[in-house]
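First the structure, which I've put down as C-alpha cells, then a few questions once you've had a look.
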Amino acid sequence: MLIEIKDAAFEPYQRLLDYQVSANFAGKYGATAVFVGSMREFNQGDDVEAMELEHYPGMTEKYLQKISEEAASKWDILDSLIVHRVGEMQPNDPIVLVAVWSAHRAAAFDASRYLMEELKSRAPFWKKESLSDKSRWVDKNT
Amino acid sequence: MLIEIKDAAFEPYQRLLDYQVSANFAGKYGATAVFVGSMREFNQGDDVEAMELEHYPGMTEKYLQKISEEAASKWDILDSLIVHRVGEMQPNDPIVLVAVWSAHRAAAFDASRYLMEELKSRAPFWKKESLSDKSRWVDKNT
Amino acid sequence: MTEAVIKIKFFASLREQVGQADAEVAESHASTVIEAWNSATNNMTMPENTLMAVNMDYVEASHAVKAGDEVAFFPPVTGG
Amino acid sequence: MTEAVIKIKFFASLREQVGQADAEVAESHASTVIEAWNSATNNMTMPENTLMAVNMDYVEASHAVKAGDEVAFFPPVTGG
C-alpha cells in the first residue's frame, strides 16, 4: 500500500511497471484494475491552457492512507497504489493514478472505483484552471 | 476501437503507452480505466506451472468487436482497446488488457468492467493448466 | 460436391472428448445443429453446458443448418 | 505564550476570499471551530459548503478547539 504526491509530471504506466517490480508479488495476482485521471484541454465549454493543483500537505496523505486502508478492509486485495500530482500542469498531463491488485477481478474493480470516488470526495485537492483570459477555481467535482 | 490477439508475451502498460501515441487523442480524455488479467501461479489450491490458451480464430475477433461496439453504444467513451493472449504462457504473464478512454470517469469505469464481464462470458477462449503431474482444462470462469 | 457439406469444429475439452478437431457432415444428414452433432459424433451424448455456434454466432441446438455452414461445439469459455 | 493559540489555515478559493493563508487565534477567543473562523476572519460570513478540519480530520462547525490545534477551512475538494 503506497501513497505518493508528485510535484512534477509523472508517467503512470511506467510508474506501474516500476512498482510491480519493487512489490515482488509476481504470480500472486490475477487482476489489476487501474484508473488514470488526466487533464483535458477543455472544461465547461472553455479551452483550458494550464492548471494549478493545490493541496493540504499532511491531510492529503492522511486521507489517501485512510481510504487505502478502508479499501483493504472491505475487499480481498493484495495491494494498492495511489499517485497524485500537485502544482502547475499542462493539458494531457496525468493527474492521478490508482491501481489495485487482487487474485480475482471483482475485488480489484470494486476497490479501484471506491478509491477514486472517495479520493474525489474527501482528499483535500483543489484545481484552478487558466483560460486564455482569466483563471478560475473549479467549484465542484464531476 | 482496436482488438488484438497475441500469440506471444506482451507488456500491457507498454502497449497502452504506444496505443495512446498512435491514437492521437491527447487532451481529449480525462479518464482511462484499465484492467489487466494475468496468470497466477496457483489455482484451486494447486501450483500451476504453465497454461495453454486455446481460442476459436475468427469467432474470437468477432465477439470482441461486438462487445466493444456494445460498450461504445451504451456509454459515452472515446475509444477502447482489447488485447488478449493465446498459446503457451507462464505464471505472471499478462493474459488480457482492456482499456477505455472517456471524458469523465463513470463511463470509463462502467465500460471497462462491461468489456471484461462480457469477454469472460462470451469470447471463445479456453484455458488448460499444466500442474506438476498432469494437465487439466479450467472448467468454469470465476 | 464440397458445397453439400456442413463443416463441424470442436474445441478444447470437447475436442479431446470427441477425438477430432474438424469434421464434415453431409447436408442430407443434418438439418439442425443437434443433428449435425449426432452425425459428426456417431450419436455421442452431448455433455451438459456444451455451447454451439453457427457461422460464429451462438445458437441453440434446434437452430437450422445448411450446406456451407460452419458449426462449432465447445465447452463454457474461460478466457480473460 | 505560543501554546495558547489555535493555528488557522485557509485553502484555495477560500484563502483568496479571506485574503490570508494562515492565522492564529488566541485560545481565549474561540472554543469551537465556528468561533475560530469568526475570530480569524473578523466575522466574515462563511461561504456555503465550506469544509472544516481540526488536526486534519473533517469536523462540524460546532466541534471544540483548544490551544495547539490546527483548524483548516476550505471549499469543496476537486482533485482526481
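Each chain carries a letter (A, B, C and D) given by its place in the written order, and its residues are counted from 1.
The definition used in the following text is that contacts are C-beta pairs under 8 Å (C-beta built on N, C-alpha and C of every residue); 3 or more make two chains touch, one makes a residue touch a chain.
Since the model is a prediction, treat every value here as computed from it, not as a measurement.
Trainee: By that same contact rule, can you tell me which chains touch chain B and chain D alike?
Mentor: Of all the chains present, those in contact with both chain B and chain D are A.
Trainee: Taking the mean of the CA coordinates per chain, how far is chain C from chain D in Å?
Mentor: 73
Trainee: Counting in whole Å, what is the centre-to-centre distance of chain A and chain C, each centre being its mean C-alpha position?
Mentor: Here the centre of chain C sits 49 Å away from the centre of chain A.
Trainee: Taking the mean of the C-alpha atoms as each chain's centre, how many Å separate chain A from chain D?
Mentor: Distance between chain centres: 27 Å.
Trainee: Using mean CA coordinates as chain centres, what's the chain A-chain B distance in Å?
Mentor: Each chain reduced to its C-alpha mean, chain A and chain B end up 23 Å apart.
Trainee: Return the residues of chain B touching two or more other chains; collapse runs of consecutive numbers into ranges.
Mentor: Each of 37, 105, 116 in chain B touches at least two other chains.
Trainee: Can you list the residues of chain D that touch 2 or more other chains?
Mentor: 80
Trainee: Going by the touch definition at the top, which pairs of chains touch each other?
Mentor: Chains touch in the following pairs: A-B, A-D, B-C.
Trainee: Please output the residues of chain C touching chain B within their complex, sorted ascending.
Mentor: Listed in rising order, the residues are 9, 11-13, 51, 53, 56-58, 72, 74-80.
Trainee: Please output the residues of chain B touching chain A within their complex, sorted ascending.
Mentor: Against chain A, the touching part of chain B is residues 11, 13-14, 16-17, 26-42, 91-92, 103-105, 108-109, 113, 116, 142.
Trainee: Taking the touch rule as given, give the residues of chain A at its contact with chain D in the complex, in rising order.
Mentor: Listed in rising order, the residues of chain A that touch chain D are 37, 53-56, 58-59, 62, 84, 95-96, 116, 119-128, 137-141.
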